[in-house]
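Next come two complexes built around chain A: one with chain B, the other with chain C.
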Partner chain A sequence: MTTTPTIPDADRPAPASRTGGRRHRPRGWDLSAVPAVVVVAVIFVLPVAILCLRSVTEPTFGLDNFTRLLGHSGYVDSIVRTILISAASTVLALLLGYPIAYQMVHGGAWLRTFLTVAIMAPYLTSILLRSFSWLVILGRQGPVNKLLEQFGLEPVAMVFTPIAVVVSLSHYLLPLMILPLAATMRTIGDSRTRAATSLGAGPAQAFVRVYLPLTKPGIQAGSVLCFVYGIGAFVIPALLGGSKGSMLGSLIHSAIKQSGDYGLASAAALVLGALVLGIVLVFQRLTGMSTTELAGRSATAATRTRRAKRSGGRILRLAGRAAGGLDRLGVTRGRRLPILAALLGALVLAPQFIVIPISFASTKALVFPPVGYSTQWYAEFFTASWLDPLGVSVRIALVVALIAGVLGTLAAMAVVRGTVNGWRSLTSTLMMLPLLFPTVVAAAGFYAEFERVGLVDTEVGIVLAHVTLALPFVFSVVSAGLRSLNPAYERAAASLGASRTVQLRRIVLPLIAPSIVTASLFAFLTSFDESTVAIFLSGVHVKTLPKRIFEALSLETNPTVAVISVFVMACAAVIWLGYALFRRITRTSRSTS
Partner chain B sequence: MRTHLDVARGRRRVGAALTAVVVALGGLTACSGGGDEKASITYAGFGGTYEEAVKAALFDPYSKESDVKVLYDSSGSDVAKLVQMSKSGSMTLDLIDAEDSSLAQFIAADILQPIDTSGLDGFADPNAVTEYSVPWYTFSRNLFWNKDQVAGGLDSWADLFDTARIPGKRGMVALPWGILEGALIADGVPVDQLYPLDLDRAFAKLDSIRDDTIFFPSNGDLQNAISQGEIALGYGNLARIKSIATSGAVPLDYTWKGAVLSVQQLVIPKGAPDAEDAFNAIKFSLKPEVQTAIMDKLGYTPSQKSVLDGLDAKTRADLPGTAETASDETFRIDVDWWAQNGADVLKRWQDWLHA
Partner chain C sequence: MTLTHGAITFEKVRKEYGDHVAVDDLTLTIEPGEFFTVLGPSGSGKTTTLMMLAGFTDPTSGTIRVDGVDIARVPSDKRNIGVVFQDYALFPHMSVRDNLAFPLEMRKEPREVIAERVDRALELVDMTAAANRLPDQLSGGQKQRIAVARAVVFDPAFLLMDEPLGALDRKLRQRLQVELRQLQQTLKVTMVYVTHDQEEAMSMSDRVALMNHGRIEQMGTPRDLYEHPRSAFVADFLGTNNMLAVRPEGPGRLSVQNGGLLPVDDGRDVPADASVAALRPERIALTDLAAAPPPGFSHSTGKITHRLYLGSHTMYTVHSETLGPVRVQMQHDDGEHPYRTGETVGMIWRTRDVNVFGSTAER
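Up next is the complex of A and B:
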């Protein structure tokens, strides 16, 4: 705010002469990141740092908590199990995700649309609702076991074992695998594969020796993302894992909320946080991809910066030879892959629909298909027990969208239009941190620190925590919008005497308004959908909808959750159709005008 | 001139936006803070169907009479957490529903307010009343089984530990009291020689069923899992077992053999925001109609002698703590032992659970 608004004419020539054409960007946007940086530093980083410190100070100063955590075979098992479950889920996500991503990029138009819907629809559904679907599907009275019984086999216990956790977790992680994979595949034309085929390679051999190595950056980015998110999983193991499939997140939760054992909880949180940061740092060192790019779930940058090496090593050569064998047998010809991908897509989408019959069940039991039908659960949803939490969630999400929208936009301005490089990279790292850092660790930090200042079980506490979780989305969406905006407009306005506020209001904001709206919508959904922090922070006085659903899932077998799933699906379908219709109308009107 | 106006307007708009944020935050504080004119107490029970029953039997009539709103928390069995809350000065609860082993640990940790029990009488067992607590019913945890999955049923703690003869997933709530005693009984320790508990022996016995057992964080989780048919047999609160049996989700049966008896008490923690209304609720819980309602809804034994004496033999035959349901293996938890050792055992129990 160096310009004096009262005498714009006198001030106008000054910037040009001061900069002397050396610098093209106007100075001053850097400071606009301050509010967002302060919020993330104070509300997110500080509590986590204090929590980590408590691991050596509570109950007495020393490494007691770590000797307990790492010296006791039980807790070591917990850590190892967490890593194994996450790794297994990542591998499963890769195996399922690769053919889907391939067809999403190279398949026919219809298949592409279908797969996009199949992947994005679960992605937009609450993790709680998806866990509920799996609870029904994998349950002892669910369709899988019913099918086994049909074949005269013994029912298999899957719920409350690691099996249920791995299945559900890989389903949850699938989009995180597919998006970077598809982004990488889009950059690969089919010319190289064609060249290989023309040199005599069969389809399988060309794929293994040429295509697969080219998609390595996408595989790496997707795997790291999945693994990192898998390690920090909390809701899925808490609902589906039981004591055998429990992971570090559940350990942290029970230590804090049930035993009040902050020392052990913080030691476990530190191990989990260090694991995630370690993996991300190693990945960055190896691939040169930044945190922002990784969290932005785009591997295109990696493809650009570092073309995958062609040499695949001995394993790849062996695999190539095996693929050649398959080609000679003739099994790889024909249209098997699109069908496989379509089937996989249907498999990903199917769990969504299992809840429809359950929502009409006449009994509380989660039997599929239900014994009888009724609409009682729909009636139950329209009682205060569910509508009150819904109201709380909407209110919190609106405030979060507003605050995060403003703070995130300002931070994006600082990073895209700012001039101080160190500050810009610090800002963008801080803004993306809440996205990559395990939410369960952050939630434990929020709880421990908010407890001291009386913010636990208050709406303000949840809003503050949710703002930090929503900022990464606002920041990345608005940054992308700003990058595509030519700074020449602002320079032109500045040269005509517009102050920074005027530039922002009359030039920048109107032009990036769509990005800001999208970003705020993301912020709203992030808060509305958020379960981990809500489970830690809400309680008696404040109860958000996800917390209510979590209670219903863990404490009462309650098909009302299925009703909510149905409503969410209906809303998503309406929005989707509305959007498609809107695009069609605008396209027709544009073409006719 | 145009720019001049714009800047002024722009500033005003920024100001307006900031005001909006402040007002929104202020509104939130108002909503979550003192929005209610009515007095309210926060009660820590156990959630789920138990909470529904207690709400209907005790708190709804109490709120109607006293105009005090009751808020529900489900951390009643989280002894260590409640002690930590009290010690750190962040106690938000007014009334805690405590079984006798929890009560003993609360007293040992010195987190309870003394209650003036001089005006309260008519207890079937006056010895159960303490300086800090008022008994309101006697309950039990029983061995149960899913009739579809366990044909013969259970007769003793030894059966629960006999995975060769009775295969199937066992389910229990992850609370050590009762389970450690049960493990020792299954290992051949006579009921009258349980205390002091031989912890090494108890944990060794528990190791033998670890792979076949799921320990749940709360009664609600266990009830949920049984209702879904995931649990074949186990040990759980009688009211929950009965609730599942009546819901018809799965065919469930239970035995009085090996049942663990406990007196359920209402207590007021130190630092409770509204101790006075909490005490009024305690007094209300002793009314004959509340005591009868609790018996009807939960199947537990009233603490008031007048109510107990009015019951017929048929009702008494299915109530915890009556002569009709007593058996060789029925036992009460030694609260003095748990008061002294509870905190250490809980820590060892947590470590064992995560193994």
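Up next is the complex of A and C:
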């Protein structure tokens, strides 16, 4: 046997080992995060920073823009309205989301599946298409007003008022409320409520005194997420709010694109960005949750860190006594909650299906149910005016999926397998930042800076912007996949003689391939669905499908959008099935063959 | 194969994690062909020692040599060590054959050589039939064998095993202990075995290093450690012991905390700071009261307070006036319990079976 077990590796320069000294061999993947960090820093952070700077330099140095913004009653109204609408939507999302989340975790198998689909289907549908559904539902001749007429009531104008914005915004925010809630509820389990019941608490009392306080981290995380996303909402108020329901996002958009008033736009953007960052920072200080976890829509970390802190006190005890009264009356022992949750789930899902009859309508006006039927809107969709934007969107989304897939995977490797802690936390914060920061502010930044280098109204410009928005999804999905991969596999490979590159190629990549495919799919969908950046950046030469839909909806009402909704639903169903099949195949190929 | 390779030396190896010292100036030498076990409770530094030897962690200071060569700068993929991991770490996406071929491919062996050596390794662990299965289709014991085969297939300088039997049930563990020891002797390879299980350490090792708080408490043959523990920790960790708090009380005598006397008058030097005496339950016999101790023996009396039937033997707890509660282990002759709870009995033991430790030995 030939044994030359110890060949000092010449091409791996290790810092000198002095006795007693600390030695760092670059054994991690730290450097692989560099491309993604550079991309986010240069394309996302830099334009936003410059935009913020412009609020005090444009047109002259000073606080003029802010005195203009805060001195004009219309602008102040807009800021206040933004906060109020966002708060109202958050409360509504919490009230609707709590019973749904509860049944998603504790309900029967069928109810759980139904509610998951009911929540995820709208989550994966473009915000434009959902706004269109609400235009139909809340419209003067929509189902809600038809129902009111049945009862002999006057029709109510809801579209172009804050009502429509709050309703559709809370519908949009609902998944962001439910995901952290459900994540927290999953960690609670049945045993503690059972313990409370065994100690003599009725169902309502056990819920109020034991269950509700335990879900506090989920309520906090969900509310912060909803509020932050609500403040940054742009498409929904722009399409449904009219002037009475307009928010800060629209102010920024019109200041930049209509009046070219960069100073005012950047002041408004700064206010919006500061509001969001302030809320997130206060929340983190209070709960000890990291940005990454918040953006990852899970509140489990908060559940972990917040242990045995007394909460509630007197209010909770009073509420508990009231609940005890309800228990004694016997109204809480029925099986009404699952039915309520199922109804709410159906309500959440309804806007998805309302567009099917509309797509076959014979009139251009949005009347539900339609007065006559035709296939003219399907015919209109298959013309260049719709197919060209579709082609552009698919092309952009494919390139984004490829670039974000590679960069995000490398960054995830650096964070999960890296060794330099400061760099790892910087990387993960940067990677998740585009998800939490208001997209409308970023879009304004992109527009202002891309304009200087001639990237506005080009596919390259949209691709670059979309890559930064898709990176958080790739990064979080691949990180999760890598974390669940036993590091012993790489150590074993190393002990058997595999170099770092061989470990990556032969061991790591094959084992996390499903995560990478999932992540790239998310990246594709993010870009394909993206409307805010597309509305800012595309113009005459390059028009993505969401931009085309936005134009169609803001200038007129057009049932062709319903046709797209129907196609998107069909595609989503096909992709979902294909994906389920793919997971099944990759799973069985591992246990058979 | 000769035994000129596979010698391992640690010289003042130290590993710190922040303020925590995981391994504290470890110095030891492992001979070629030796079955050397690192034993210790969790947190004793045994896993850190293994990680440093395998190259997964760098020592803060000190040197580790294999056959005289310092391996500090050698990355783990160039160290040529066969490692068997706690959870085996078989690559789940590769067949058993591909798992075994992997280290040979890394060494750029020609295809025929790989096929032949994989077959030989599979024969060695008696797993030829499973060659084309995936790891998920193997039982725990089969996975363990494949993990061993993968670690030896490339003729490593030595073998390193990290609690390789921990996940298996007791019967299988006992069988595989025998198999591992036989395999190591067939291959005449140096083995470094890390475990917290004293039975494994006792049954397989040439030598055992018992670690605690990052240091070696005692190093020697299993018999050495069991019979002649050099500290109270060693006496308490291995097997069962009656640990009595004592004070020196004149030559050849110790006073037990509640006033009784424990004679140690067999001519040895009792440390001046003697604080703990250890006496194993199986070295005490229960007798009828009348029996007087022969020379070289000590005795006491007490009342039986508990009796635990354990199949192969019975464990009595005897409350002695002089020594306090003492556990006594008795084999049964005919399956009967000769003594009953509440009965007053005599206890007799060889005086030299009492081990005495100074207070410094206690950490």
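Keep this in mind: the second predicted complex is superposed on the first by the 536 of 593 C-alpha atoms of A that agree within 3 Å, B and C clash if a C-alpha of one lies under 4 Å from a C-alpha of the other, contacts with A are read in each partner's own complex, and residues count from 1 in each chain.
By definition in this document, a contact is a pair of C-beta atoms (placed from the backbone, for glycine too) under 8 Å apart; a residue touches a chain by one contact, two chains touch by 3 or more.
Since the model is a prediction, treat every value here as computed from it, not as a measurement.
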Partner chain in contact with A:486 - chain B first, chain C second, else both or neither: second
First, second, both or neither for A:463, with chain B first and chain C second: first
Chain B versus chain C as contact partner of A:260, first or second or both or neither: first
Which superposed partner A:403 touches (first chain B, second chain C, both, neither): first
First, second, both or neither for A:113, with chain B first and chain C second: neither
Partner chain in contact with A:383 - chain B first, chain C second, else both or neither: neither
Touched partner set for A:497, first chain B, second chain C, both or neither: both
Contacts of A:67 with chain B and chain C, given as first, second, both or neither: neither
Superposition-derived comparison: chain B or chain C, residues of chain A touched: B
Doubly contacted residues of chain A, that is, touched by chain B and again by chain C: 5-6, 8, 497-499, 502, 506
Chain A - residues contacting chain C, complex: 1, 3-9, 12, 14, 17, 19-23, 25, 27, 486, 488-489, 491-500, 502, 506-507, 510-511, 590-591, 593
Chain B residues within the chain A interface of the complex: 3-4, 6-8, 10-11, 13-14, 17, 20-21, 24-25, 28-29, 31-33, 42, 47-49, 71-75, 78, 80-85, 88, 90, 92, 169, 174, 213-218, 220-221, 223-225, 227-230, 247-250, 346-347, 350-355
Complex contact set, residues of chain C against chain A: 1, 5, 54-56, 58, 60-62, 66-67, 69-83, 85-87, 89-93, 102-103, 106-107, 134, 136-137, 150-151, 154-157, 160
Chain A to chain B touching residues, read off their complex: 5-6, 8, 68, 72-75, 77-78, 135, 139-141, 157, 159-160, 242-244, 246, 251, 254-255, 257-262, 264, 363-366, 395-396, 398-399, 402-403, 406, 451-452, 454, 456-460, 463, 497-499, 501-502, 505-506, 539-542, 551, 553-557
